[in-house]
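One structure coming up, written as structure tokens, with questions to follow.
Just so it is clear, A, B and C label the chains in written order, and each chain counts residues from 1 on its own.
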Amino acid sequence: MLDETPTQERSAAPRDEVVLADEGFLPDDFVRQLINVGEVDVLIGLPTHNNAKTVGAVVAEIQEGILQWFSRDRAAIINPDAGSRDGTPELVVSASIDDVRRSDARRFTLRTLHSISTRYGTSVARGTALRTILAAGELLRARATALISADSTSIKRDWLRALLKPIANDDFDLVLPTYVRHKFDGLLITNLLYPVTRAVYGLRIREPYAAEFAFSSRLGSQFLGASPWNDEAMKEGCEIRFTLAAIAGGFRIAQSFVGAKSHIEQRAADLVPALRQTVGALFGEMESHFSLWSGKTGSQAISSTGAEHEFTLDPQRINRKRLFEMFRSGVLDLESVFRSILSPATLEELQRITGQGEDDFEYSAELWVKTVYEFAAAHHKAVINRDHIIQALAPLFRGRALAFILENKNASAAGVENNIENLCLQFEGLKPYLLELWTGKE
Amino acid sequence: MALKQDPLWYKDAVIYQVHVRTFYDSNGDGIGDFLGLEQRLDYLQELGINALWLMPFFPSPLRDAGYDIADYQSVNPSYGNLDDFRKFLKSAHERGIRVIIEMVLNHTSDQHPWFQQSRSSQDNPYRDWYVWSDTDTRYKGTRIIFLDTEMSNWAWDPISKAYFWHRFFSHQPDLNYDNPAVREEMWDVMKFWLEAGVDGFRLDAVPYLTEREGTNCENLPETHAILKEFRRRLDEQFPGRMLLAEANQWPADLRPYFADGDEFHMAFHFPLMPRMFMGVKLEDRKPITEIMQQTPEIPVTCQWCLFLRNHDELTLEMVTDIERDYMYDVYANNRTMRLNLGIRRRLAPLLDNDRRCIELMNGILMSLPGTPIIYYGDEIGMGDNVNLGDRDGVRTPMQWSGGWNGGFSSADPESLCAPMILNPIYGYPAINVISQRRTPHSLFSWTRGILAVRKSSRAFGHGSIEFLYPANHRILAYIRRCENETILVVNNLSKTAQAVELDLRRFKGNILIEMSGKNIFPRVGELPYLLTLGSYQFFWFRLRKV
Amino acid sequence: MREMIISELMQAVQELARGFARFLPRFVVLVIIAFVGWVIAYLLKQLARSILRLIKFDRLSENAGTSQLLAKAALPPSSEIVSRLVFWMAWLGFVLLGISVLGIFGMQEQIARFFLFLPRLFVAMLILFFGLLAASFFSRATLLAAVNGNLPSPRLLSHAVRAIIVVLILSMVFEELGIAEQTVLLAFGIAFGAVMLGLAIAFGMGGKDLARQFLENRFLREKEERNEDELSPL
């Protein structure tokens, strides 16, 4: 049962009025349904768009998780849907448990569980979905909210406990997951997002961009009120902005081990959108948080429950040739663009390593760190269109991915972790270089 | 005012459960008696009840509050004698109040002469009146009811050198209903009281009358046959009298006790009661509506008996483990309050003395289909004493005034049959009849008011029920219908204010008339009917199409 | 005879002197106007330079790619060029004004035509400038999209896009200036009809549904291979 933590006055009070009185951001029918839900202790947000293949199982696990770990608490599932046409909202709503349906196969539950769906648009806009969940959470006075991705097929009911209990019982504000991953899975996170967040913001958050996470009412209200929701920027990358807002606001952050990470439909062609949502947002937020991170050195661990990282090592077939080719041709073709972004030394070094053979290819940690930092600085100065800068990073990332794969081809889990740690230390060590570039001649 | 001659009088009854022992002491010996009870009939008439259920008053060693009977055709001398009883009965009938007494069929006290005879030797004519066995292995698998005190349903009798069967305390041996002599004798006992004028019996512990190997010894067909026979004779010789079953079973298992209207007239709806308490704590109507969905239809001459509390613990036998744990945690945090899979507390302390919540619970009690029972003292909000053993904490003397012994008795406080409640919240200086009768807004006055409103419509006692399922799960709403009367009941189970939209399209064009103030509310149209309710508030609306 | 020559000569000289005398004040006016004009032009140049600095014109032109072009041609940076242009245009304007005062026949008309021409020149310069900016943006967008989409010859595509846009821009400039309108229009129309522009702009815009379908169809063969051989970056 949720502990009755002494209520803390929220400092964001004036802002609440502005948000709730917004010109009908939430549809009327949805507000009416929220009236019927009333107040909840635990809220699960589940944004969807044509996820009928996977959402049924996800919702079943969520329901089980609530019934097992929060059976006495008031709970609700909120489903912001982007206009699905395959019956996804109906699947989510069917997870409600109430006394209206008199099915005999009903399992026993203490309380009513509301599962309500609302349509927020005709195409996916993750920012709007998150905003809907935050607004609903504020109206329902949810003490802890978890955001779950509709295609997390590997989700288990324990995930809700892992993510929500630290919020409910230990007064944390943000709980991010840690996963069991294949050692070559999520390279953008292990080679860029994690080290950069760690070096720049000083916190060792393994998964700063997560498909599922949980947060407290304090953090939710703060983010809802303080963010420029109409900005183009908020449409992309709201998840990582959320994490960074928590860091910037001094909120208590923890991570909790959940299990295996599932992947659906994420392919190489998705690299550029992935970069936009993560690196683009990260570089953007670094702009406004400069005064916060410029003074930090080193990094601190954050409270972790369960393993911080786990790697599976089963052999994976990876098209290394393709990675290499894309890196090589990228460096070649984008030279004119790189000239505006990278320092001459870095560019020269990159051109040198394109000459290497595919099997002994090396993209050293130091070079990668410099690459990333130079990109960050170029993004800050907007030497060319910022979106183009992000796109230009893609082939270089592929090169780094290949190098990492080769480096860790036969490595054990400990070995991989060691290499990642060394990379992080390099990022931390070269932070002065970043600062120099960032504040250098405009 | 004479008794209303109506074969279905029990459908319109409001029953007041009272124990003569702790109601009013007229002779100053510290124990309540029948003459005292008679003197207090005016109060009961003023309250508005029209039936009394008396707890056992037969001679008894009182090791189980009188349910261990030593003589079936007499009155415990502490309470008076048969003449006192008859005098009281006559006065009650004059005031239009019917009297229902206990009839403990299943067992007697081990002090009863029958048992004394039965155990004396194997050849005694009364031997077969009880269930004897040389071993204690018969009827294995039968559950033990008093878990906190008994280890087995068999007890060894050193005099008889055999085991005897007892479903309750070991000093309450079960009668053997396979013996026709037993059945005849028990009918004679009932006849004795019926001839005295008693209007009905509450038959205690009826599921356990007979035992058969290989069963759980509850609700057996043989038991039903015996009960049907009693009913047949009752209808034949004493029409208009009533049989009320005390059978703590799931609704589906209770249904057979109504049979085709030829067994019991009424039965307690045990499973509903804890769910009402659960509903207000969870602030969710689901437990209540679900048990009502599982409640079977009963013959039209039969009636459920509803209650919030009684002389026993608030039993949690008929709930799941999850529910029981929840109820324990929210209502009986202190372990001493827990007993025998139940909670031994009175209504007001259970609800934290929240007046609005007490009113709501009473409102639901009065408006659900069935005959409501008010446990003595709950109409003024009496408290309990968990330090008294067993279930005595809810059986303290009635609090009449703020004076000597709360007006219950003129005897020395130390010699009272049970100590008065004294704490500043529930003690008799704070909670007593005199104060509440003088205050128009007291709980007593309110209860009197709502009983009057309930009486103003037949729909409550005789009507059908149809639940509305508004999306707001904290609202319990239903329609009671009878002939040409339609009543809408809306209850807010939550401590916080609520808004609810009801789908009343079927009743389009009706004006809602709130039944206690008689003010009109907006007419029902096409759109969902919006109501707002305050903390624990409820409405009874009469629907009227002009 | 000699006297006739001398008197003719004297007459001619007197004519000349008279003409000169008539001309001289106007010439002085011209000089004065030219001088005043120079001062004003200089001030305008400074003003222009400040404004350009304020709007970070150099940065824009870097994006447009004009800075690189100028650097290659060993010319001073674009803001400098523009301010100098302003100076020369202004001063030229004043000079021409002064010359018109001289009253030389035929010049007036030409000068008037010149002044009418100036606004169109200005607009043409604007079109050229922003056009080059757009060309640079879209060609870079195409380049990045092609590289990341693993299309063949990304640089070629990028140059093609730039070329087409530049052609479009030039034709608009020429039309504005009124030079060889018909020829250029025709030539451009032909080029514009090419499908390449539509595709390039679509890719440059981030690949809408049609373009995506095209890509998928084009690379369907390779898709199975890719499915097993790539791990998710997130």
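In this text, a contact is a pair of C-beta atoms (placed from the backbone, for glycine too) under 8 Å apart; a residue touches a chain by one contact, two chains touch by 3 or more.
Quantities reported herein were computed from a predicted structural model and do not represent experimental measurements.
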Message: With centres defined by CA atoms only, which chain is the most remote from chain B?
response: C
Chain at the geometric heart of the assembly (C-alpha centres): A
Task: Determine the centre-to-centre distance between chain B and chain C, using the mean Cα coordinates as centres, and give it in whole Å.
output: 100
- request: Mind checking the centre-to-centre distance between chain A and chain B? Centres are C-alpha means, answer in whole Å.
  value: 59
- prompt: Measuring from the mean C-alpha position of chain A to the mean C-alpha position of chain C, what distance in angstrom results?
  reply: 47
- prompt: Tell me, which parts of chain A touch chain B in their complex?
  reply: 1, 32-33, 35-36, 38-39, 71-72, 74, 98-100, 102, 108-112, 114
Task: Using the touch rule from the top, collect the residues of chain B that touch chain A in their complex.
output: 278, 282-287, 289-290, 293, 320, 322-323, 326, 329, 469-474, 494, 496, 498-499, 501
Message: Help me check something: in the complex, which residues belonging to chain C touch chain A?
response: 62-63, 137, 140-141, 143-150, 154-155, 158, 225-234
Message: For the complex, give me every residue of chain A touching chain C.
response: 182, 184-189, 209, 263, 266-272, 274, 278, 316-319, 322, 326, 329-330, 333-334, 336-337, 340, 383-385, 388, 391-392, 394-395, 397, 401
